[in-house]
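The following blocks contain the structures, represented as structure tokens.
You will see two complexes here that share chain A, one where it goes with chain B and one where it goes with chain C.
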Partner chain A sequence: MSNETKLYKVIRYVFLIAACIFVIIPLVPLIFMAFKTGAEYSSTSVLEPPKNFLNTYNFAYAIRVGKLGRAFIYTAIILTISLFFQVTMTAMVAYVLHRFDFMFKKAVKIMFTLTMFIPVVATQNLIFRMMYAVGLVNTMWSVIILYSGVGIVGIYIMLNQLDNISREIDEAAMIDGAGYYYTFLHIIFPLMKPACTTMIIINGIGLYNDFYIPNLYLNRDVQTFTVALYKFFGSMSTPFEIVAAAIIIGMIPIMIVFIFLQKYIYNGLAGSVKM
Partner chain B sequence: MKSKNRSIFIISFLVLPLIHLIIFSYVPIIGNFVLSLTNWKGFGDIQFIGMRNYQRMFTNTEYIKMFKNCGWYFLAAIPQLIFALLLAVVINGKFRGLNVFKGILIIPYLLNGVIISTIFIIFFNNGGSLNAILEWLHLDGLKHQWLQDLKLVNPAIASISIWRYYGMNFIMFFGALQAIPTELFEAATLDGCTKWQEIRYISIPFIRKVLFINILLSVSGSIQVFEIPYIMMNGSNGTGTPVIMIQQSMSTNRVGFAAALSVMVFVIVLIVVGLQKLLVKED
Partner chain C sequence: MNIKKIMAMALSMTMAAGILGSCGGSDDDSGSGKSGGSGSASADGKIMKQISDIDTASLKGKTITLYTHGGNRVLGEEKKDADGNTYRDESYAYLKHLAEKFEQEYEIHVDLQVNSTEDDIKPLLQTQDPSIDIYTSPNFSIEEWQQYAEPYATVEEAKEYYGDYATTMYNDGTYIYALMPAKTYNNAVVYNEETIKKVGYDSIPTTQAEFEEMCTKLREAGIDPIAMHRIENWPLSTINDFANYVAGTNDAYPAMLKSDTPFSESEPMGKTIKMYTDWKSRGFFEADIYTDFGVAMDSVGNGNAAMMLFGAWVVPQIQGRVPEGGDPASIKFAPAPDFGNGQYVMASAADSYAIAKGSDDKEAARLFIEYISESAQYLADSGYIANKKGVDPVVPDLYKIIDDAVAAGTCKVLYAYATDDNSMHNEEVLSEAALLEDVKYVGNLFDSIDVTKDPDWSAYDAQVEKQNAAYKEARDFLGYSWK
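Moving on, here comes the complex of A and B:
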């Protein structure tokens, strides 16, 4: 049973198809461009498809000259370490806030909440000086340290999960003689896996796509993929069809995420709203 | 003994995240207030110069223009939010192709600033897709040098944020709509409610809070615009924003002035958040 009239159904499809066209139109010329030869690019319209969709010259050239492989490895290392710290520390904070009452609990909560209102861009001026003073600028550790904080959105995702894990489980473990650390590490943390997955995906996309921090702190040999693309794109000598190919390569990991983990993105972001 | 263990446990779990928070959020904010009153170069002596950094910020038309540019991004947020809301409302249901639509519509949300900048340079360039499409539609009169024309460049690149950010708003609206109990819709259908009435009297009121959060995110986001004008234009052609200026002041060792700009951005965000608290209480 439904109250959707035929007119409504038609309007819905028209609107959704129009929206998809709006999304796809700017992407099409990029894809065309990545497969065109240099001569073809300068002589044809951007809306014209390439003659040969199997022309992979631009892609090979982009990988070789843009040092994209190395940037991929740095990105993977930075993401892995940062996400590890983010997720475990967020779970620890959320566990303590959820299961224990203690002095200053409210103050701790407020401190984490207030950071939501501190724009990252308004703090880097001084942090850059600090990082510079300790010699971490131009090393990946500056970025990893900055990324390894605990955010309030993550805390809420974890708190929601802890609501669904019975306190009796903790109590039973303690009665059996398990200490606080053992209980958290071996009993509760494994049960928080769904919240950890959500956080890894949402924050992983955010970190992979971040430009401001890596562009500020990494400049020479160590680069994340986003910054490598930017350097590539910013050097005027690079032909634009090569840039287009590099961009397509940059989209591949995201497209994999998109195909396999779409459900988590919808559910995860929606879940963080309900806080 | 037990309570001592308990305290040690709690402290050990909180200490690292709290230190991180203090060093990387609270110290810089307070430090910026102090530094904004100096002309520190990042090295050497610190000299206090009172409010001179702020004075410069508010009297130089070049800097004022950067704050004004944020207005274009705020304007772009209006169609962006309306579009995202309409999408969330019509997609909330069961119909053929739902997952395909959801998949395509999420793409822009997944792309980073460098990718989006490249895509839109191809779009707005003189020989780019927008002009090619206009030519194809025989609307040659509307063709422009979008990125060179000083009048058009800011609205043009601000409009990119519609494409880039509607996805996040859409996912949040959609999540809020999904949280509405289905019994409500069923009851409405039984009572002979039309689809339009259902949207007007159930869907929209239910997501008002999320709508409000999204409006605030857009306002505080538009004061912090950085990536698109920086990557596409390097802030040239009058496309500078306060954050681009912070970046440039930092790289030219004008730490005091960068601090003053940072304080300004922070204060504006705080005002926006304060307004939210005021308006929510009135509800």
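Moving on, here comes the complex of A and C:
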């Protein structure tokens, strides 16, 4: 190995280690905090380890008082329904935009892109009033409807995936007598699995962590995990050691999903996005 | 049609939709605001009602919902068990207990909901959602009060029951939007008697020099003299009351209008901010001033800090946080020291309950608020004194030191400045000069001193000049002067 290669390797490792430190350092105080007692939290530095790493009081308290179990169930229901509609509708839109020529096709594409530039907050006054008028505020359906819209980034991921699926497959299906609906549902859609998986994971994590929409629409009887977490924040004081425990509990489902589906994420991104 | 045209059209449509959306909102708002309360006025034109004026039998079986930012009065006080773990002591859930008692007496259920900030309930208030009947959040502008709350009483009606304290309730000069059924002494010195005893004091010194000497001794003993807990900034807004003590009047804040140089040391606000900043440079506040309010209360409760410069209402909360084996009665409340014009304490109406405009059960909501106004023990447990004419107040022990000092003539009571043109104009000037938040939280002036080395006041003085110039320019631009 030449000196130049060695030097390059050392520099590469230094950067990688630095990047790891940047990611891990904020997590360390969080983990320490979650195992500290309230008294320890008030009287010690955030970087000081807890006296007892077996102190699970904060975790039990967070689950019991924060009703995190119920919040997880609501979150799972909302995500499952929303992602189902989001992925199927996005795939259908992408299929139409990719395979068919029609008037104003470019304009439609541009319109989809333009929606990315409208901040969610800017339209919420109007949307909230509409949701309220139809009685959906404080029901899961308000959030499910808002989350179920077509994902713009998802459209581009799927368009790129469709580039890799030959049009000849569509043509062969048509010759065999398949209609558009059958072709899409039974032939093209299954081939778009990597893009769909990528979208489910990326958007799923985004929706799981979203606070703004659920807090606006579900702040009372039905709560997602992020809203349940927010309930620990008082107007005057917040037991941060319990919040830290709740945050760690909230990270577990995401970590499990990531561990089991990481190969799909990488494959999906590599296969569906031209990198 | 080329891409540029399409984009221009799409953008125009988006902007138009946004504008229409906003218009829809404001139309609705204006329609719902400033109603003057005619909807709930009785035949004789009176808005305010007493329990005896309400047909309580017709309200049986109803449920009303109250949103409060005071979670401790619903969930219980946050305390530490013998192992130091946090838990809620439900014996301190005074509002919950009161609601249960109310339900037993009137068969009306009160559903208590806790919100962290005003923003949590704003969407419900903006849409006039009937699911919110009463709310307590105080940080609304007058316009927002008009928009969200049912007028509770006219100022004149409220004066009949609450005297001049009525003028310190949230009002627009004609209507009161939230009943404040109690009175309290505002910001002064909340302290742990056991802690100051460690440096040889059994009470808060009465002069500034002695007070600062005590702070120095506390610092030398390794105790934080004052817990500032600045993470949310709002605790520093107490400085306005201290400016009144410096001035010996109740109008230090609106009287900024009188001066071309309100931030200079020669003026009460400027002098007070400089005094706080000087205390900071001398280490009188905790090293990490960006701590949480709960941590600050704990630190006074457990003796790591000696004092907070705060309102009497915080005393019961700190008492609830005194560790096992400690004496909650050691948390006391005393007047601020004499800053050159005598010793004072500010008095004002306290606690606030508003009826939401969208409430479907305004009568039941009103009944509960009136019930609160006559529950002297509940108000005392909350750290306040019942203030309604005809109600026997229960005075919490925490007021004893102030009462004794007032009775002895060594401390005078200043009544909170009622909202008027001067206070509103001053607020507008500060807002125009982009200084409102800064003054409220002392911001840039307080931060201009680098306490890691020997303080250099030149940066502070430069900031004073800058703020004075901005204030004068804004005041002249708006054409306001002291009336």
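Here, the second predicted complex is superposed on the first by the 223 of 275 C-alpha atoms of A that agree within 3 Å, B and C clash if a C-alpha of one lies under 4 Å from a C-alpha of the other, contacts with A are read in each partner's own complex, and residues count from 1 in each chain.
In this text, contacts are C-beta pairs under 8 Å (C-beta built on N, C-alpha and C of every residue); 3 or more make two chains touch, one makes a residue touch a chain.
Just so it is clear, the structure is predicted and the values come from calculations on it, not from any experiment.
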Contacts of A:F100 with chain B and chain C, given as first, second, both or neither: first
Greater chain A contact set [chain C / chain B]: B
Partner chain in contact with A:M111 - chain B first, chain C second, else both or neither: both
Touching partner for A:Y61 - first (chain B), second (chain C), both, neither: second
First, second, both or neither for A:D163, with chain B first and chain C second: neither
Which of chain B and chain C A:P29 touches, first, second, both or neither: first
Overlap of the chain B and chain C footprints on chain A, listed as residue numbers: 111, 118, 122-123, 125-126, 128-129, 132, 216, 230, 233-234, 240
Interfacial residue positions of chain A with respect to chain B in the complex: 1-5, 8-9, 11-12, 15-16, 19-20, 22-30, 33, 45-47, 89-90, 92-93, 95-96, 100, 102, 108, 111-112, 115, 117-119, 121-130, 132, 146, 148-150, 179-181, 184, 205, 208-212, 216, 226, 229-230, 233-234, 240, 243-244, 247, 250-251, 254-255, 257-258, 262, 265-267, 269-271, 273-274
Chain A-touching residues of chain C, taken from the complex the two chains share: 1, 3, 6-7, 10-11, 14, 18, 21-22, 24-25, 28, 69-72, 78, 80, 83-88, 113-117, 120, 123, 126-127, 129, 131, 292-295, 297-299, 302, 304, 317, 323
Parts of chain A lying in touch with chain C, wherever the complex brings them together: 37-43, 55, 57-58, 61, 65, 106-107, 110-111, 114, 118, 122-123, 125-126, 128-129, 132, 137-138, 215-216, 219-220, 230-231, 233-242
Residue numbers on chain B that touch chain A, as the complex places them: 5-7, 9-10, 13-14, 16-18, 20-21, 23-29, 31-32, 35, 42, 83, 86-87, 90-91, 93, 95, 97, 101-115, 117-120, 122-123, 127-129, 132-133, 136, 163, 168, 171-172, 174-176, 178-179, 186, 188-189, 192-196, 198, 210, 213, 220, 223-224, 226-227, 231, 243, 246-247, 250, 255, 258-259, 262-263, 265-266, 269-270, 273
